[in-house]
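I've put the structures underneath this note.
Shared chain: subunit A. Partners: subunit B in the first complex, subunit C in the second.
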Partner chain A sequence: MAGVSFNGTSKHFDDVVALDQLDLEIPDGEFLVLVGPSGCGKSTALRIIAGLEEATEGTLHIGGVDVTDVEPQHRDLAMVFQSYALYPHKTVRQNIEFPLKSRKVPPADRRAEAETAATMLGLGELMDRRPGQLSGGQRQRVALARALVRRPEVFLMDEPLSNLDAKTRVQTRAELSELHATLGATFIYVTHDQVEAMTMGTRIAVLDQGRLQQVGAPDDVYDRPANLFVAGFIGSPPMNIVEAAVERIDGGIRLAIGTGAFDLPESWGAAVSATGIERVAIGIRPEHLRIGDGPIDGVVRTVESLGHERHIVCELAGTDHRPGDLVPGDLVIVRQSADDPAPRMGEAIHLGAEARHLHLFDPDSGERIDP
Partner chain B sequence: MNRRPVNDRARTRTRTRRRWRERGLAFTLLLPSLLVFGVFVFYPFARTFWLGFFETDPFGGRRTFVGLDQYTDTLTSSSFRNSLWVTLKFTLLTVPTGLALGLGLAILAHQKLRGMGFYRTVFSSTVATSVAVASLMFISLLSPSVGLINQAIRWFGGEPIFFLQSPGWALVAISAVTVWQNLGIIFIVTSAGLQSLPDDLYESARLDGASAWSRFVDITVPLLSPTLLFGFVVLTITSFQTFGQVDLLTNGGPLEATNLIVFSIFETAFRDFNPGSAAAQAVVLFFIVLVLTAVQFKILERRVFYGR
Partner chain C sequence: MAVETIPASAPRAVPPTVSPERRRRRRRVRSFLNYVALTIAAVVVLTPIYVTIAFSLQTGPQALQFPGSMWPGELDLSVFRRVFEVSGIGRYLFNSALVAALITVGQVLTSITAAYVFAELEFKGRNLLFVAFLATLMVPAEVTIVANYDTIVSFGWLDSYQGLVVPFLATAFGTFLIRQAFMGIPRDLRDAAKLDGYGHMGFLWSVAVPLARPAIAALSVFSFLLAWNQYLWPLLITNDDDFRTVQIGLRTLASSNITEFNLVFAGTVVASIPIFVLLIVFQKQLVRGLTSGAVKG
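Moving on, here comes the complex of A and B:
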C-alpha cells in the first residue's frame, strides 16, 4: 500500500489554470475525498495521479517515489471512471480479467482472481453477460471488480456514483466504505456531491478554482469551515451567510443585522478588531437557527416540508439589499424538526442562535475569524 | 346495455379507416423514390435479365429467344472464367490492402497533434478525385521512361519495370490505382468510427497495463467492427464493378491479365456487339456479388459488435 503526495503541483491548459500549486499529503490507507464544484480541478488532480494528465509544475509521489514522469501502467493504481469505462464488447468476466491479461497473468490464475473479485462484489451470476445487459449499479460493481482484481496500491474513483439512482447510490456509498475498510488500500475519490464527501471520506479536501480551500476530517470541515467558500459549499441546506455591521459595546461587540443584532463576548471583539474590518460575514447553519425568542426579526416566506424535517425560508427584517425584488431582504433557512410547530407563511418571527454556533468571516478575503 | 357492441363496431370502422389513410400517406411519400428507383434501377435490371434470354442484333433489336443458352455459355466460357479469376485476384489485392491502409491512416490522423486537420484533408482528398485523374497520375508515376517510380528504381541501380505492359505487373498496377482511390472513403469512414470511440476506454486500458497493440486489437478493432465490415463489403462490391482504370490504363491487357469482369462485359457489348451475351454476363455478375455479399455478412457478422 502507498500514500500519495502532491508537491506544488499545477496544471495549466493554455491560459486556464486547472490546478494551482496543490500541496496535499494523502497517507497510506486513507479514504480521501476531493470535493468541489464543476471545474474546480478535482478531476484534473485525480488524472494527474493516474498519469493521464501531465503536471505543468511540481511533482507527484506515490509510496514515496517520484512518479511525475512515470507512465500510467507503471504506477500500480486502478481507476473507476464516471462512465465506468467498461469494454462493451467483452463479458463481465473478460472485463474483470482484462487488467490481469494485460499483465500476462496465466489464464487459470486470472480466472480465479476474477472469480474472487466478482464474488466479493456479488457479481457471480453475471459473469457471462455484457455491460449493456446490466443495470447501472451492476456496471458500477463490475468497474470496481476490475479495479480491485489486481490489488493495486491506490484506488482512484472519479464520481463513480453520479450515474446511479438515489437508492442505489446510498447503498453503494456504504459498500464502498466497507470495501475500503476491508482492503485497507488508499482510496482517492472525486465528487461534487458534498453528502458523498461527508459520509465516505476519512478526510475531505475542498477545492475551488484549482486551489485547495481546506482539508480535514468531515466533521472538522463542517464545524469549522476555513473560509466563506467552504462554509457555503459543505452542508445541505448550505450555511446561512449574512453581512453585519460591527459595533463595539461594553464587554464585547454587537453585530447588527437589519433591525436586530447579536452581542458577542470580548474574545470575539479582539479577534474582529485585529482584522481591522467594520463589517463581517456571519455564518449560521440552518439547524442552529431557532424560531422563537431571539434578537433577529424576520418574516416567513416559504415552508418546505421534507417529512422528517422542515426547511423554513425567512426574510430578515430591515435588510433591503435588492430593492425592487419580490423578496429584497436577506434570506436565511431554518431547519426545524417535523415535531416542532410549523410557522405560517407571512408570519412575523424572531430568530436566535447560540454564540458558539456563529461563524465569522472577513467578507473581503472570505477567511475565517476565530475568537 | 346493448349499446356497447354498436360502439365497438364503430370503433373498428374508425380504426380501419385510419389504417387505410396511413397506408395511403405512406405510399404517397414513397412514390417519388419508387419512381426514381423504378426508372433507373428496377426497369434496367429486369430488362437486362430479360435480354439475357435473347440473341440480338448489335443494337439489341431483332431478338431470337435462346432460353438459358447464353447463361450456360457465359458460365462455361474460358474467357469469362479468366475474367472471374482475374477479378478475384484483383479483389484480394485491393480490399485488404485498402482497408488496412485506410484504417492505418485514420489511426495516425486520430492523434491529437497540431496540424492534423491538414493531414486529414490530404488523406481524404482521393475521394474527390475521378478515376480519369487517378489513372493519368499513375500513368506518369509508372511510366518506364519518365515515371518517378522507375527513376527511383534506376537510382538504386535496377532495371525499369514496364508496370502497365507486363502481364506480371499490370494487375498490381491497376490494384495500386484502385487502392489509392479507395483510400479516401475508407479513411473518412474509419475516422468517423474512431471519433465515436470513448477516450476513457483507452485511458482505462492504459491504466490496466494494455500495450498499444493490445489496445488496438482488444478495443479498436472490435468496436470498429461494424465500420470495418461496411468497408469490407463496399470495397468488395466496388472491386467487382471496377472498369475505368482498366479501360484507361491497360484495356484489359496485356494478355487479358487485367480483363476484369465489367471490362469483359463492356467488350462483349460494345466491341463484339453482342448485347444479349453481355446482359447474361451482367446477370451472372449480379448473382456472384449477391452471394458473395450474403456470405460475407453471414460469416463476418458473428464477429461484429453492434453495441449491445
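Moving on, here comes the complex of A and C:
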C-alpha cells in the first residue's frame, strides 16, 4: 500500500493555470475526496497522479518514490472513470481480465482473478455480456472490478457516480465505502458533489481555481470552513453569507445587518477589532437560523417543502442593494423541520442564531476570523 | 421605464392547420414520386448488367445481329465453359484476385498505422503533414503514372506482381477514413488502456482496430474493388500473359473474338461475379463504414 504526496505541483495549459502549487499529503489507506466546482483542477490533480497529465512544476510521490516522470502503466494505480471507460467490444469477463493480460498472467489465473473480483461485486451472472447490455450501475461495478483485479496500491476515481440515478448512487456510495474498508487501499476520489464528499471521505480537500482551499475531516470542514469559498461550497443548502457593518461601541463590536443589529461576544469582538476591518461577512448555516425572536428583520419570500423539512427563503429588511429588482435585498435560507409551523409568504419575521453558530470572514480576503 | 405589455385580449396568431386527409395525400404523393425516381435509377444501373447477361446467353451470330435482341437465347451455359477454354481468363482471374488481395491487405495495414499516427500521436507539424497527405487525393493518377512507370522500370519490376502491387500499398483516402474512426474513440478508453498497461501498439491492436472495424471493412471492400477494376496500370507494365489481370484479359478477349461477341459478354459476367459476391457479403459494413461518425449516436 502507498500514500501519495503532491509537492508544489502545478499544471498549466498554455495560459490557463489548472493546478497551482498544490501541496497535499495523502497517507496510506486514506479515502481522500477532492471536491470543488467545475474547472477547479480536481480532475487535473487526479490525472497527474495517474500519469495521464504531466506536471508543469513540482513533483509527485507515490509510496515515497518520485513518480513525476514515470509512465502510467508503471505507477501501480487503477482508475475508475466517469464514463466507466469499458471496452465496448469486449465482454464483462474480457474487460476485467484485460489489465492482467498485459501483465502476461496465465489464462487460468486470469480467469480465476476475474471470477473473484466479479463475485465480490455481484457480477457473476453478467460475465458474458457486453457493456452495451448492462445498466449504468452494472457498468460501474464492472469498471470497479477491472480496477480491483489488479490489486493496485492506489485507486483513483473520477466522478464515478455522476451518471447513475439517485437510488443507485446512494447504494454504490455505500458499496465504495465498504470496499475501501475491506481493501484498506488508498482511495482518491474526485467529485463536485459535496454530499458524496461529506459521506465518503476520511478527509476532503476543497479546490477552487487550481488552489487548495482547505483539507480536513468532513465535519471539520463543515463546522470550521477556512474561507468564504469553502463556507459557500460545502453544505446544501449552502451557508448564508451576509455582509454586516462593524460598529465599535463602548469597547465592544456591534454588527448591523439592514435594519437589525447585534453585539458580538467579547472574544469575537477582540478578534474583529484586531483586523481593523469596517465590514465583515457573516456566515450562518440554514439549520442554525431560527425564526422567532431575533435581532434581524426579514420578510418571507418563498417556502419550499421537501416533505421532511422546509426551506424558507427570506429577504432581509433594509438590505435593498439592487433597487428595481424583484427581490432587491439579501436572501437567506432557513431550514425548518416539517413539524414546525410554516410561515406565510410575505410575512414579516425576526431571525436569530446562537453566537456559537456564527462564522465570520474578512469580506476582502475571504479568510476566516476566529474568536 | 415604460414596459410594453400585450393585453390579455389581443388576438394570437393561429398557426395554419392542415387536415389529416390532406396530410396523408401529400405523404402518398411524395412517396410515389420517391419510388418513381428510385425505379428510374435502378433501371439505369441494372440495364447494362441485364444486357451483358442476356447477350452472354445468345449464340455468336445472334449477338452480332443489328438491331440485336434484348432477350437471352436458349439457356446454354456452355459459353461460360468455352470462355475458360479459348482465353486465359482463369489465370487472369487468379492474377486479379492475388493482386487485389495484396493491395487490400497492404492498404489496410498502412492506413491503420498512418491513421493512428495522425489521430493519436502528438508531434510538431502533424496537421500540416496530414493536410499534405490528403492533398495527394487531388492529384489524378495519370499525373504520376509516368514517374511511377520510370520507377518500376528502374527496379526491373515490369511483368511482376510487385510492380502491380507496390505502387498502390498506401492510400490517403483509407488513412483519412480510418483516422476519422480512430478520432471517434473516447479519450477515456485510451487512458484506461494506458493504466491497464498497454502502450500504443497494444491499444491500437486490442482496442482501436476492433472498434474501427466498420471503417476497416469499408476500406477493404473499396480497395479490393478499385484494385480489381484497375486497367491502365496493369496494361502499362505487363506484356506477359502470366501477369495480366482480368480487365486486360477481357480487352484481349474482345479484340481476338470479334465474331463471338457472346463470349466477350460471358467473360465480362465471369469477371464481375467476384465483385458482386463481395458487395453482397459486405454491403452492410460498406454503408456503416462510410456513414460512421456522420451522426452522433
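The definition used in the following text is that the second predicted complex is superposed on the first by the 369 of 371 C-alpha atoms of A that agree within 3 Å, B and C clash if a C-alpha of one lies under 4 Å from a C-alpha of the other, contacts with A are read in each partner's own complex, and residues count from 1 in each chain.
The criterion applied here is as follows: contacts are C-beta pairs under 8 Å (C-beta built on N, C-alpha and C of every residue); 3 or more make two chains touch, one makes a residue touch a chain.
Because the structure is a prediction, the values reported are computed rather than measured.
> Could you classify subunit B and subunit C on subunit A, in the superposed arrangement, as clash or fit?
Once both complexes are aligned on subunit A, subunit B and subunit C clash.
> Have a look at where A:83 lands relative to subunit B and subunit C in the superposition and call it first, second, both or neither.
After superposing on A, A:83 lies in contact with both subunit B and subunit C.
> Of the partners subunit B and subunit C, which touch A:335 in the superposed model: first, second, both, neither?
After superposing on A, A:335 lies clear of both subunit B and subunit C.
> Once the structures are superposed on A, label A:290 by its partner contacts, choosing first (subunit B), second (subunit C), both or neither.
neither
> Just subunit B (first), just subunit C (second), both, or neither: which does A:357 touch?
In the superposition, A:357 touches no partner, neither subunit B nor subunit C.
> According to the stated criteria, A:50 is in contact with first (subunit B), second (subunit C), both, or neither; which is it?
Both subunit B and subunit C are touched by A:50.
> Answer with first, second, both or neither: which of subunit B and subunit C does A:130 touch in the superposed model?
It touches subunit B, and subunit C stays clear.
> Check the residue A:99 against both partner chains and state whether it touches subunit B (first), subunit C (second), both, or neither.
Both partners.
> Identify the overlap between the subunit B-contacting and the subunit C-contacting residues of subunit A.
Shared contact residues on subunit A: 50-52, 71-73, 77-79, 81, 83, 85, 87-89, 98-99, 102-103, 146.
> Under the touch definition given earlier, write down the residues of subunit A that touch subunit C in their complex.
Counting only subunit A, the residues touching subunit C are 47, 50-52, 71-73, 77-79, 81-83, 85, 87-89, 98-99, 102-103, 146, 150.
> Can you check the complex and tell me which residues of subunit C touch subunit A?
Going by the criterion above, the answer is residues 186, 188-189, 191-192, 194-199, 202, 206-207, 210-211, 213.
> Would you mind writing out the residues of subunit B in touch with subunit A in their complex?
198, 200-201, 203-211, 214, 218-219, 222-223, 305, 307-308
> Over in the complex, which subunit A residues touch subunit B? Could you list them?
By the definition above, subunit A touches subunit B via 50-52, 71-73, 75, 77-79, 81, 83, 85, 87-89, 98-99, 102-103, 130, 132-133, 146.
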